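Both of the next two complexes hold chain A, though its partner changes from chain B to chain C.
After this line comes the complex of A and B, so read on.
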């Protein structure tokens, strides 16, 4: 449908850069049509916003998480509201509600025969079938979390933020406060950040806190209920335990060039207090690999963590690549590496598709023991979360821009967890001590 | 000076805004109706011009440039424009960049033949970069020294906004909105009426609409100005500047006209085509939209 056209030849003798050759052009007209109709359909205020105007923006999300087999299922709903105003002051409030059901591994070894365990509360028993990983099926909880934050600028190039956090489960309470200062240099090309945070957690499990490495009493070993209760009570410590965390964060954000933004963060955290999981066990086995007793786990009361986080965001025209690497080291002997890649692609429809890949590896904690034999260390835990493990997450996020700043998104992700460790003697040799875990996540989001 | 004149098959309203002739062709209707639509259109254009012009001292753009890197408040309309500009930046692989206006400090298209030196351009390139613009739902900040220039999409945006506003106010009347050659039709013209006719000026005959086009719906935009260019050593440099190199286009067609669903879409495709210089037609052909090229 062209009226006249005459190809002109590239002219290299004139001042100016050479014209790059490109023949494989992408069709972007549909994406531009979608973007422009979203712009024109957006409601407009005839008057410009006065500087004091407050605006709220809300992000809502619903996440369903399901592990393979009869493991944990979770449903989480969240709503976040951010109110900003012209002076760059920002109030954010977030409410999260989640419900978990299902069973999680207790740490006890599987056996060639059915095993009976006393419930953490001391009330009743549960049985694990032969060859199966012992799971505590009483795992059922709902949690409410509230996060509030306030940020404001001060001086010419500085800002501060303060935050508060509350999380409540049936038997767990976590309270936290945080504060940070930031300062920009070199025409905002560099931003430095110093942050401090403190958390106080308390746990009050049903049946009280078990004593470290105490042997789990079984009803069948006692002549009557009263004798069993007495024995069970002898394994119990305080009704409630506490844990405190202090964290220091140092960060630098640097504009590298017009396509690249880099972020480097260092954090140091010191955790003190009760850090064992009152629901986890370590089996004591004999030379034939038979479990002769179940001990409640025991972890050190102090943990020092250091983490280095490096993130780069690169724009290649329409695609944006975000890569991040995190290294964590703690004095429990865990070193972990996380590599995360997200590639944000804009489709001709104006929608975006974001493949996400996450790789994670950690070494085992020094006191990780898949089982105990003759030895009785001060600390021992068979929690698979402290074992050597590799996890992979592959996900896709699809986002549809609606009018104005509204958008709807959906994300699906597949997660694989592969714990590793030494094999066991005798009958344990043929049993799977480190079961692989798979999970599927589906998330729906709406921003308005 | 706003005028409304009766023609056999339409009303023609005219005023001047955004340094352009702004013309409305309105389906036959009572004169008071036509006048009300013309007033509404003019009010909308002037509001946009007031808000986003870089020649005013009292608007968002001026406040942003005075803020020296500090955030300024934005409203929903500006957020939508920034979101759109971000889409365009990404879709064009950086050829559309709202921060490229600083290049005007080196380039003047006032008929003189002065070409900026590579040194002058190199000094400005660090001030261009859409990624360094930070914005969220209510604030916008720009590193000191950088500029935001809505000029590249302002007129097309005004055309689409006016067409949308007229479609709301008069869903049964077709109105052709033509601001200096950037055109959109509010609602499709009825089959029993002739299609709207527009003339596109060409660089060789700038004062004359040399080729007429007809359309019933959609939008039309032309890029490659017939009068604003720079001639140096026998080479014609257009006023279209490449944000990546800092140079004006100097090869490829002089003018591209594109038909699209919206004036913004058509205008961007036309400008991006010219930025591809000798590859302009290959680019625009890949877009699968009707186009007209003036060599």
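After this line comes the complex of A and C, so read on.
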């Protein structure tokens, strides 16, 4: 369950934890003032009216994601139902389904000649053409995810939420639980939040888990199938590996003034267990840049991540500007900066148009190696997702309010990745080790 | 080597920016009858949660960072 929080506002229609009851009315005039402000706010709220008591509200989305070339294509559908009670108790259930297909970069370097690789399962081979980035074309999976959450107020100004998460695909299972407490202060202008989450993941790939930095055997190097299978099995470790995550979240949401709201989150996550990608490779090259072996990657078994997330929302009348910045730091040597801007423009018709911009930069992991030469480090990965990288996303969303709480929306977004890194010796000098990736996302949403 | 976030240069800058930003606002907060604009559903911090969840899943599988807005852990075998 994704945890999120909000300040204690008198009204919202979006799912989230409960708003602690405001029992701080000290006199009738204050109560009348709140009532009058609610009346004033009514025209704005008409676009996304809150669900009435004991009613379900559903939010559905369908995403089509496609990368340029023969890379990954994905289709994801989700439906979330939120049952809000009159006493601020909230039940949330969500079902997500996605299907992925296409090819993903293995991490092996391109060459000036065709290269042959053993499939991750050990059953068969695939060939990459000269000058092309090696891609594993067996990338195919379907996934089902279920999230459930319960949130309720307690005391005068506090609330709690609990959640459970399950994600299952062919070779991967993720289970998680989460819980959070929130407390409002100063006329509900300040909300403090403490959250904890734990996840237990397990991976069981076909062909079992490769041993760290083991050399991939090729069928052509062995006289018969039996000798090859024996060599392949010698590179295999356990059939199944595990990864556990424990996370702490601290947050504060502050109403700044009549039109400005700020949120600051700090999170600390400790991940332990198997964190390598069993499908990724690191090439070993000679002084001329020729690949002489392919090694399975090896990542540390512990990772500690810290993140600061700062979000500001400003109301300018028809436009509402949301800006967010995230700094993430981990002990793998990765620092990342993310800036997001969303400008929600309400048109006279009540429709909204929202341009969205996201800029992201990360430094490379300490053990990122685009290739190996003489050295044999303990950890090495050529996964471009651990390389230095800059990405940006430009998107637009259009939302049309329908009757009642119903609305329909369409979104298009263009995503570009530019990984960077050192060049290679010899023949690698003229080859593109860090290909740019472009992706298009189309999303349809319907709320009822 | 692990470096606590409070020793990071960027964390210092962010904290400084926050303090300066908040102190420039004078008295923080509003009275209950001054929440007209804050009551707009577009002002809820987690508005458009579905869009953001979909985005976060894409970025989680394509980049090395996750979390911040919500939980960073768990998920799927896509990363």
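The rule is short, and it goes like this: the second predicted complex is superposed on the first by the 395 of 448 C-alpha atoms of A that agree within 3 Å, B and C clash if a C-alpha of one lies under 4 Å from a C-alpha of the other, contacts with A are read in each partner's own complex, and residues count from 1 in each chain.
Assume a residue touches a chain if its C-beta (ideal position, glycine included) is under 8 Å from a C-beta of that chain, and two chains touch if they have at least 3 such contacts.
Predicted, not measured: the structure shown is a model, and the values here were computed from it.
By the document's definition of touching, of the two partners only chain B reaches A:350; chain C does not. Of the two partner chains placed around the shared chain by superposition, chain C is the only one that A:169 touches, whereas chain B remains out of contact.
Looking at the shared chain after the overlay, A:306 reaches chain C, while chain B stays out of its contact range.
Once the two complexes are laid over each other on the shared chain, residue contacts for A:137 go to neither chain B nor chain C.
In the superposition on chain A, A:206 makes contact with neither chain B nor chain C.
Counting residues of chain A touched by each partner, chain B versus chain C, the larger count belongs to C. By the touch criterion defined above, A:261 lies against chain B and chain C together after alignment on the C-alpha atoms of chain A.
When the two complexes are overlaid on their common chain A, residue A:187 makes contact with chain B and with chain C alike.
In the superposition on chain A, contact is made by A:315 with both chain B and chain C. Of the two partner chains placed by the overlay, neither chain B nor chain C lies in contact with A:286. Overlap of the chain B and chain C contact sets on chain A: residues 1-7, 9-11, 14-16, 22, 33, 36-38, 40-41, 44-45, 48, 50, 187-189, 255, 258-259, 261, 315, 320, 346. Looking at the complex, you find that chain A touches chain B at residues 1-11, 14-17, 19, 21-23, 25-29, 31-33, 35-46, 48-55, 57, 82, 84-88, 153, 156-157, 184, 187-189, 255, 258-259, 261, 315-318, 320, 346, 350, 401, 403-405.
On chain C, the positions that touch chain A within their shared complex are 1-5, 8, 10-11, 14, 18, 21-22, 25, 28-51, 53-59, 62-79. Looking at the complex, you find that chain B touches chain A at residues 47, 51, 59-60, 69-81, 83-84, 87-88, 90-94, 115, 118, 128-132, 134, 136-139, 141, 143-145, 157, 160-161, 164, 211, 232-233, 235, 237, 245, 247-248, 250-253, 260-262, 264-265, 268-269, 276-279, 281-283, 285-295.
Considering their complex, residues 1-7, 9-16, 22, 30, 33-34, 36-38, 40-41, 44-45, 47-48, 50, 59, 61, 63, 65, 76, 78, 80, 100, 141, 143, 145, 165, 167, 169, 171-172, 174-176, 178, 186-190, 195, 197-199, 201, 203, 245-247, 249, 253-267, 269, 271, 304-311, 313, 315, 320, 322, 324-329, 331-332, 334-338, 342, 344, 346, 352, 358, 360, 362, 365, 385-386, 389, 391, 393, 397, 411, 413, 415, 417, 437, 439, 441, 443, 445 of chain A touch chain C.
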